[in-house]
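Think of it as A, B and C in the order they're written, each chain with its own count starting at 1.
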Amino acid sequence: MLTLQHLSKSYVAGVPVLQDVNLDIAARGITAIIGPSGTGKSTLIRCINRLIEPTQGAILFDGTDVARLSGAGLRHARRHIGMVFQEYNLVERLTVMENLLSGRLGYVSAWRAWRRKFPPADIRRAFELLDVVGLTGFANQRADALSGGQRQRVGIARAVMQEPKLLLADEPTSSLDPKTSVEIMQLLADIARSREIPVLINMHDVELAKRFADRVVGMSGGRIVFDGPPGDLDDGKLKVIYGGEGWLH
Amino acid sequence: MASTPTAMQSPVAAREWRRFTSAQRLARFAVYLVMTAAIVASLQTIEIIPEFLADAPEQVVDLLSRMWPVDWAHYPGTVHEALVETLNIASLGTLLALVLALPVGILAAHNLVPSTPINLLAKLVLVSSRSVNSLVWALLFVGIFGPGPLAGTLAIAFRSIGFVGKLCGEALEEAHAGPIEALTAAGASWTSRLTFGYWPQVKPAFWSIALFRWDINVRESAVLGLVGAGGIGMALDAALNLFQWDRVAVILIAIFAVVVIAEVVVTQLRKRVI
Amino acid sequence: MRAATDLPAPLDNPFRSSVWPRIAGVALLVYVVWACAQMDISWARVEIGLENAAHFFSRLFPPNFTRWEILVKGLLESLQIAVLASALGIVLALPIGLCASRNLMPAWASWPARFLIVTARSFHPVIVAIVFVKAVGFGALAGVLALTVASIGFIGKLFTEAIEEISLKQVEAVRATGAPFASVLGFGVLPQVFSRFIGFATYQLDSNLRNSTMVGIVGAGGIGGTLFAAFQRFDYDFVCAILLSIIAIIMAGELMATAVRRIFIGNATFADLWRRGRAAPKLQPLQDD
């Protein structure tokens, strides 16, 4: 489904944030990327849909190299990649429904979008998704009137509206309390299972990663230093990823 | 959070989505309609002479050729003095406006003067000051005091009262009640509540408003001379009447320079002071 | 509070002001005296003026509406100038303001646009009108063009500032859905700046209305020419009639602007507009007027 080959990124020449990352994401399941802050997890996720331009390497998604796309080609690739953000990134002044429908912008012409004339099928799906994420009846609320957990549910619903073939989530629970974090992770897991799509999540909560992921990728210093099932993630491996050991136990 | 009434969930009718209710859409539609009608009506009735329009490019070229070379020699005596006079009109006018506007602004603030008739009266004064263009104020004061910078200064001041007074009044009304309640509880008089409760809170806003207005007034005072109220506009008027376009050019450049400098000064001061 | 000065340690006085404000105050006073002397402003002149004032005001009243046909014609032309200049100005200012915003546009697009806006803002509309009168002749067209330039300067500047303050995270999220640029603008940018845009667009219509009554002084159409001529003929009761009409129109314009703001920002319906109590949405203070 998604293959990263020799992916590198440096914001400043000579100071690489990502170094020669190679990763193969299967067509199903949740992959969690863990690692210390500033190790390039976010950069990696954002390179996949080119919100950040990679310096080198290939991003093979569904048979095409996203890194080489531009213009309409890139937009077409992006609409198959849903993204959930740490700070939800909802358009605050739009209603919940408009935020959901913005997931369809890649499919609807700008002229129709500006006049809010979305196909009835999109609107029906948006209502169904609101039920799925537990926000029935919130369609006409403005996004800035919602709580953090509710906003993240809207963020997830917006990504799912794209009917993505791949779901990316950049620290989706870092701004939420522990209980809501588990709920949001459960929601992402349910969606991954019911829609049969791969989900790539970067997170810094190791326990959550172990609990929900089918596969864990550990990063350190811009490189992948661990890749395996969550069961293999013992103290020794965590030491390799995060360094030191005083923080364990 | 899913505790919404079940009635909302199932019926198909309830699941239709419209961004606005039909009443809201009607109101918006009415605004669009009025706007379109006004534009169409204006386009159809406005008097435009096609020959003049066709002639325009030629006239612009002619204008530029008359302006060039710019008559720099004209600057040292006449234009420089007029420019300084313009700045004096703007500054004195702003100062006078601050002095006159503060009491009116206070009278307009309901939390300071809790009397609705007085508030409304003060607001009426502020609205009339703003409704009359500075050029009209200048015409009035030229009629009273005769031509010259005195009329210009007063025009700038009277035009600015509304702006300064309105914004000061709003700043006063938005002041936090906490410190004022504390002073009232301590038995402070009305004046000390004003000096020690309100003034520290609105001081940054006040100076910011004053600087803004000064910046605007520098622009406005440049044209007052066209109606005889002093400043560089008088030099501009004289040059225009004699078709001395090379002198007009030097005056326009001088105005441009002083306006840009004023804006830079205001931006810098705002960063430092506030 | 005077008692505080009697305390032994003056540092404990919380209201003790530093020296600088006093120095600034004295400097300001010196400046005022100097400037008044420079410009020949003295109390004697003010006194003479005040005597004139009574005479002047007695001649303003009662307003003389007998030449109402000229009055109505001039006012209508002013209205036309204001409407067309606002429409044209807004239509042109939006793309220019968007180009000038440094967070969405590259430097090669933003610098020329910013220069254009600064130039348009620097000159008073009446001065711009002088140039246009020379270019396209006397009449309303020069007024329309002059006020269009003014509108581009004002709306362009504020629109640019509004866009530069938006949250790019919201834009990024819309971009990530694969939306084309126009939809990113419509869903990511516009909602964040819309209410402010309505605020200064209605404000500009107001301001154009005021200025359209003035550009006539230099021959650019509207009631201004009639007003200036009446002044020069000492036809003060007609002047009064013109001024009263202008004020009435401007106030009507302000009422309409408030209604538009409530409809577009507050989502008000006509029923809401008649109802009292719900205040108009508060505007951010504007730096110009």
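Everything that follows uses one rule, which is that contacts are C-beta pairs under 8 Å (C-beta built on N, C-alpha and C of every residue); 3 or more make two chains touch, one makes a residue touch a chain.
What you see is a predicted model; the values in this text were computed from it and never measured.
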| query | Based on which chains are in contact, what kind of graph results: line, ring, star, complete or other? | reply | complete
| field | Inter-chain pair with the most contacting C-beta pairs | value | B-C
| remark: Note: subunit C sits from subunit B at a C-alpha centroid distance in Å of 5
| query | Approximately how many whole Å separate the CA-defined centres of subunit A and subunit B? | reply | 49
| task | Please list all residues of subunit B that touch 2 or more other chains. | result | none
| task | Specify, in ascending order, the residues of subunit A that touch 2 or more different other chains. | result | 98
| task | Give every residue of subunit A touching subunit C within the complex, in rising order. | result | 49, 51, 74-83, 85, 87, 89-94, 98, 102-106, 108, 110, 113-114, 155, 158, 162
| query | Which positions of subunit B touch subunit A when the two form their complex? | reply | 1-2, 4-5, 8-9, 15-17, 19
| task | Please give the residue numbers of subunit A that touch subunit B in the complex, ascending. | result | 95, 97-98, 116, 123-124, 126-127, 131, 134-137, 139, 150
| request: Within their complex, state which residues of subunit C touch subunit B. | output: 1, 15, 28, 31-32, 35-36, 38-41, 45-46, 48-49, 52-53, 56, 76-77, 79-81, 83-84, 87, 118-119, 122-124, 126-127, 130-131, 134-137, 139-141, 144, 210-211, 213-214, 217-218, 221, 224, 227-228, 231, 236, 239, 243, 246-247, 250-251, 260, 263-264, 267-271, 273, 285, 287-289
| Across the complex, what residues on subunit B touch subunit C? | 20-21, 23-24, 26-28, 30-31, 35, 38-39, 41-43, 45-49, 52-53, 55-56, 59-60, 63, 84-85, 88-89, 91-92, 95, 127-128, 130-133, 135-136, 139-140, 143-146, 148-150, 153, 163, 167, 170, 192, 196, 212, 215-216, 219-220, 222-223, 226-227, 230, 236, 240, 252, 255-256, 259-260
